[in-house]
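Right, one structure below, let's go through it.
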Amino acid sequence: MNWTATAVALFQVLVATLVAPLVIGITRQTRARLEGRAGAGILQPWRDLLKLLRKETLQANGVSWISSVGPIIVMASSLLVAALLPLISTITLPLVPDDLFVVVSVLLIGTVAVALIGLDAGSAFGGMGSSRHMMIAALVEPTVLVAVYALSIPAGSSLLSSIVATRLDAPAVILSPVSLLAVVALFVAVLAETGRLPVDNPSTHLELTMVHEAMILESSGRDLAWLELGSWLRLSALLGLVANLMIPWGLATDATVLALVIGTIALLVKLTVFAAALGAGEVFLAKLRLFRVPELLAGSFVLAFLAVTASYLVT
Amino acid sequence: MAAFLFVPLVAALVGAAIGSFNRPAAFRRFTGIGTSIAILVSGIALSAAALASHVESSVTGLLRADALSSYMLCVIGAVALTATWGGIRGSGKADGGRVYNALICAFLGAMSLAVLADNLGIMWVAIELTTIATAFLVGHARTGRALEAAWKYVILGSVGVAIAFLGIVLLYAATRESGSPTLSWLELDQGNLALNPALVKAAAALAVLGFATKAGLAPMHSWLPDAHSQAPAPVSGLMSGVLLAVAFYAVLRIQSIADAVLGPDLMRGMLAVGGLLSLAVAAALLIGQRDYKRMLAYSSVEHMGLMALGAAAGGVIGLTAVLLHILGHGLTKSSLFVVSGRIQGAEGTTTISDVRGLLTRRPGLGVPFLIAMVALLGFPPFSLFFSEVGILIAAWTRGMGWVTGIALVLLLVVFAALARLTARLAFGAPEEAESSEPLVDTSSHGPRTPLIIALSVTAVIAFVAVPLGSLLSSAVAVLSGGS
Amino acid sequence: MSESLYAQLISLTAGTLLLTAALIVWRRSLRASVRLLAIQGIALAGLVAVLGWHERTIELVLVSLLVLGLKAIVLPLVLSRNVLTHDDDREVPRLNPTASLIFAALLTMLAYIVCRPWMGDTDDPTSRAVPIGIALVLIGFLLLITRRRAASQLIGFLVLDNGIATVAFLTATGVPLIVELGASLDVLLVVLILQVLTGRMQVKFGGTDLDDLTELKD
Amino acid sequence: MNPLEGALTAELLIAALACIVAALSPASMRRYLAGVATLAMAASGIVAGGFALSGHTGTLSAPTALPAVDLTLAPDRLGGVFIVIASAVTLLAALYAIGYVHGSADSRSAWLAFIIFTLGLQMVPAAGDVITFLLAWELMALGSGVLVLTDHRTRPQARSAALWYAVMTQLSFLLLLAGFAVLATATGSTTFDALVTVSPTSTTGALAFILLTLGFATKAGLVPLHIWLPRAHPEAPSHASAVMSAAMVKMGVYGTLLVVLRFMPGGPAWWGIVLLVLGGISAVYGILQASVTSDVKRLLAYSTTENIGLIFLAIGASVLLAAYGITAASQAALLAALLLAISHAAFKCSLFLGAGAIVHATGERNLDRLGGLGVRMPWTAAAFGVAALGAAALPVTSGFVAEWTLFQSFIHGATRDAIPLAVALPVAVAVVALTAGLALVTFVKLYGIGFLARPRSTGADDAHEVSHPMRWAALIGAAAVIALGVFPGPIAQVLASAVGIGDVATIGFGGLSLPSLGVLLDPMALAITALVCALPVVVVSALSARRHPRRATELPWGCGGVRVSPRMQYTATSYAEPLMRVFDDTLRPEQDVVVTHATESRYLVAQVRYRQKLSDVIEVRGYRPLLAFADRLGVVSRRLQNGSLHRYLTYSFVALIVVLVVVSL
């Protein structure tokens, strides 16, 4: 067993977990400021989380084990994704490479768990959210896979770490049309997958527009804490991935302490920038009508597909 | 052993005599069965002889039993046994009367004569005799419809067979021209007569056309559905199961003569066209069929068409498959007609939509009907599966790809139509309106044993390489020129 | 007998055959048709007799007597009994006589055309007459197709049969005797059966119009 | 007699014995006796398949009445794979049947049909010549056809399902017959060993490929020939549907592999494209239909079309890649096809058995009337859930491994040199991804609506766990899904050796490695990592739970209201509604909304009736017109036989004239 790699992965998970609520805090704060509000401060998500963990957990009569185990599965899948993705370093775990297909599947486990939690209590809104959530997930998947397929062609590998490493070695790739198209497509997919505007409004509780919130309506206490943290972690990890694809510099390629420190700082900087940008962007966006979302996703799919085509014809 | 050549004929005569004299009815009823058994036994004995390369022939040379004739005799016996035994109670009111039994025996005798004759002329006479014997059998019910069927049957049949006679006459003329006038198979088949090809061409074409009428090949099949649907069930079984086959036997014989003189193209063309037309007609008329006896009749047209394709293809596999098909089809179809006669007796109708839910209401009839239909549709282990596959592969491998392709499409349509009709007839719940509590009638309305035997035989014969396979091989050798 | 007389006799008998067939096509009266059929039978018997005389075979002469008995006497008698028992002896053909005659003429020409390759271009009078036999077959068939009455169909069938017999005698001076006997017996039986069926038809349908026989169909 | 021949002989003898037992045993004992006999047959099938798979060769042959036609059983290693699949599925189904069958499914004919069906199934991959192959093929068709009719008395749909099935099966049979005839014409023989001499690039090869592929595709239920599948599978008793869906349609896959690997290896690129297109369309269409269907068994049947579509897509990719000389990726695709086949056999078997248990326990097949079964039937729920994960291709199940392998072959097959590949592979990736996404929705819906939430009918409310044989059969299937998903390495190695791929290795804890592509997947390691990640979460949860145990209440939030009635839950139909809208153009549902206004004012609504009917577009647009045309033809052609004797005589006359003219030419 390669202990260094394991330690690096654990470190990466730790950092990501600590940072994830802050990323949400930054987006919310940015948004508040731009909208002329004072905002609750970037630490507010952490405070919410700790409060939730201390509260009593209620659950509906007659639910199955999904309602109690589901949140843990969601959290674990997000943690696993954080461990696999090249966020701080390109060093991968032995036997568990950060193969794109594996990462997507692990993410989907979380998606499925949330969807099942939504159905389990038997309330009308949970089913609604679950149904919409799964529809979006189903339509996002082609975009994600095709986009990364496009990115993997120059690298000759579907390992995300190799893709990022290739970009470090040959930065020209980043600005190639293939890369631009693919990264934009991937970014849209990430927004959809993590329930951000314009696909889903994370701060709404207006019944008819809820997606993610509808599924977790019946959860409380630590269940809700895991579900929230899990989704934040997922957002941070994916933002980190997109950031590293666009700006790979700073990423540690070996396991020295210095490199890791640089990598961590780089990650924090990138995430801060991206989170702020995301928050700023959301000020100007309205949520799409639910049945416009497939058009958006179709658009991003076309971008991804063009990227693949371009990768054959242009470079 | 040569005595066995005469056994079928004598048995038929005796049977006819017993049948027509007013012996005790109990006795009379078994004349058909007795004749059938006599034919079957002689067929087996002659086959055994033929397998031992010992071809029996009568003193005058008019009768002769090579492997092919013996095999056909077995087929006649086996199918006749199924039909007569199975039909023992199904022949209408009061066991059909004197004439009925006498005519059945005469019919069987005529068919036996047709396959045993070594002389084309005698064979022709015998085949014409079958028309005469069955005319009143078809019209047996004495209804207007039966009369109509009988009239059509006699006119179309006789005209067709007359054309065959014209062909035979021309063939005789051809042999006369070559200096040794003969109508003997043996002499004709050896192919060492210098015959005038143009005359043989005309002769063979006309003869095949004529016999194809009796064999039920389109476009001369028109009598068939009417006659089959109106005749008493055992008679339909006999006609469909063996009469068609006997006529087809004549076609095969003529084909072998013509091929020796002319090469295979003419006969192949005619048979392929006839086969395809038959399949097409059967397919087209089965789609919207409403009467289950007519359905069986058109299925016979289809099977004859298939055999015609097999004969057109020729070759060892093709011809063996055709011969095997004759037996399989005969047994299956006669069982089906026997059962359909019982259904008609029990339900009082031959309209499919009036029966419905047969399997639920009358399992004693529904089960054998379905098993026989499965056999007829060509599912294994029944022998029709093997013969169909053999015929189609032979047709394709011998250069009739397009023909086979069309045939496959038509076969699919036929299959679909037959399956649909059978499903309508047999499956589903009986109509609620008839009675709230469906009456389940488990009786089989007649002896079960002949059906069981016939269908079991169909199921196993394809796996019997010895002696059946060897017999078929020798029979095919007869057709291929050696005897 | 001289060859020319022989040829003339053959032509005469064969010509009579064709002529009677044409007349049968033309006439609507059943009785007349039966009479014509009898004449045709005589002509056929004559043809056989001429052949027998020419070939000096006693067998053929005997056969000619058989033909005379069957085709000129027995069958017409059987038929006329049937026809005479009914008042109505008018045939209403499906095709008017003129058209039928034209068809008959066309069929005769066809017969000549199709026979050429088999017979070759011999001057043999018998070979030259063969097409008449074929024409008779075709005209018989035409009668079967165009006539409505049961008796007319019988007549058509017999014309067809005469045609085959003509071909048989002209091409091969007949088939072997046993076959000839069998064939004659068969024809007789068929005619008898059809007679019986006609009788039943009369009882069932009150007429012998074949257009009534369309109950059995799909 | 070598071991393989011995095992095959034993299997045939046991099958004969099983038939006798089924026919003769008294009704009360029938399911035990016949069930055990079938189990024994399946077990001997597994042994025989195992021998064949491990490289033993042997031949059993018997002559027939037709000369030169000998029935031959001579399985090769590829055949061994499918014998094992067929036998293993039969084994589970037979075990299940012991606890499951009753009424008409326990009749003599149903047992005989089941035995004949499964025997035929196991003999198809063992066949060594064309006639034997077709014989087994038809036995399989016959047996399964009878099984579809089991409930013909009570379900009118059974009749039409059986009819569709019979006709499409016959179509498949005739196409195969034609295809084999083409090969036999070219080679002059009907034994498989002799058929290999046809060049795949010749016209003959092309014709044979098209005919055989269409024939096998029909059996495999590929679009647009799938039409029988969603009708027939639901009608058969569940143990039979399981075998049909998990094993029988695989024979289409086996046949296609036979064509592209054994008869005519090295097919041209267009073969690959044909298979790819056929498979891709089937995958997407099948899963789309499944995702919007509410009938449990129909949904599973459509999902079969999807999975078989993926397998064909993989085979197509393999052929295409091989045609451009990209061997490693081609082999990976082939391996993926086999993995998909095995994986599908495992999870679909379990799913159908589970579905049977649901129908058995609740009397309902409609998802809209189920719910809450997870609490009531925990074992079935567990088995069904695991199998559903497999069907959704999530880690760590067999489906995940198979799709991963497929994806790797796409990634590593990318090349700039071949335009067809450059177009085909990304499209294939997208198709696989969309399929996977929709499969996720489908199985979340299936499991979530069926097993979670509140029961939506009294049948579902009164459900109880099913008997032990039924439970165990489903659980063993589920265990296989996990086992194949956790230890893919050794299994992939065996499969690879069966099709002559050398480049597969086991790594780590039974993980799969494809050295020539430089990729590896160790699901066990992934699972351990996941557990390590989950550990702190569990610990925190446990600590928190000690202080605040969970408290059950009526709906905690419930939109601020009281407990809603179960009818207010989302149903399967409403769950699929968004997808239905998105794919409106493809699915074309018929919808009616009838609004009844109150008598007082037309602005007040008294009642709204909404009806939605979803029928298979391909059936409505493609098959119905064809059938209507055939029926019209049938009506028109009745005139051929209108009863007029004169007309009949005219037919003969014309024939006579034609013949006369032809012979005189």
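Here the chain labels run A, B, C and D in written order, and each chain numbers its own residues starting at 1.
FYI, a contact is a pair of C-beta atoms (placed from the backbone, for glycine too) under 8 Å apart; a residue touches a chain by one contact, two chains touch by 3 or more.
Keep in mind that this is a model prediction, so the values were computed, not measured.
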Minimum number of chain-to-chain contact steps, chain A to chain B: 2
Reference chain D; chain at largest CA-centroid distance: C
Interface with more contacting C-beta pairs, comparing C-D to B-C: B-C
Rounded Å distance, chain C centre to chain D centre (Cα mean): 69
Chain centre separation in whole Å, for chain C relative to chain A (CA means): 99
Between chain C and chain B, distance of the C-alpha-averaged centres to the nearest whole Å: 31
Chain centre separation in whole Å, for chain D relative to chain A (CA means): 35
Of all residues in chain A, the ones touching two or more other chains: none
Residues within chain C bordering two or more other chains: 114, 117-118, 141, 144, 210, 213, 215-216, 218
Junction residues of chain D, two or more chains touched: 638, 640-641, 645, 649, 652, 656, 660, 663-664
Chain-to-chain touches, reported pairwise for every pair that qualifies: A-D, B-C, B-D, C-D
Complex interface listing, chain B residues touching chain D: 151-152, 155-156, 159-160, 163, 201-202, 205-206, 209, 213, 219-220, 222-223, 225, 266, 270, 281, 284-289, 316-317, 320-321, 324, 359-360, 374, 378-381, 383, 385-387, 389-390, 392-393, 396-397, 401, 404-405, 408, 411-413, 415-417, 419-420, 423, 427-429, 461-466, 468-469, 472-473, 476
Footprint of chain D on chain C - complex, ascending: 94, 110, 113-118, 134, 138, 141-142, 144-146, 210-211, 213-218
Complex contact set, residues of chain D against chain B: 62-69, 130-131, 134-135, 138-139, 141-142, 149, 152-154, 156, 158-159, 162-163, 166-167, 170-171, 174, 177-178, 180-182, 184-185, 188, 190, 630-631, 633-635, 637-638, 640-641, 645, 647-649, 651-652, 654-656, 659-660, 662-664
Residue ranges of chain C touching chain B (in the complex, touch as defined): 114, 117-118, 137, 141, 144, 150, 153, 157, 160-161, 163-164, 167-168, 171-173, 175-176, 178-179, 182-183, 185-186, 189-190, 193-194, 197, 200-201, 204-205, 210, 213, 215-216, 218
Touching residues (chain side chain A, partner chain D) in the complex: 9, 13, 53-66, 68, 72-73, 75-77, 79-80, 83, 93-97, 99, 101-102, 105-106, 108-109, 111-112, 115-116, 119-128, 130-132, 134-135, 137-142, 144-146, 149-150, 152-153, 156-158, 207, 217-218, 220-222, 226, 290-291, 294, 301, 305, 308-309, 312
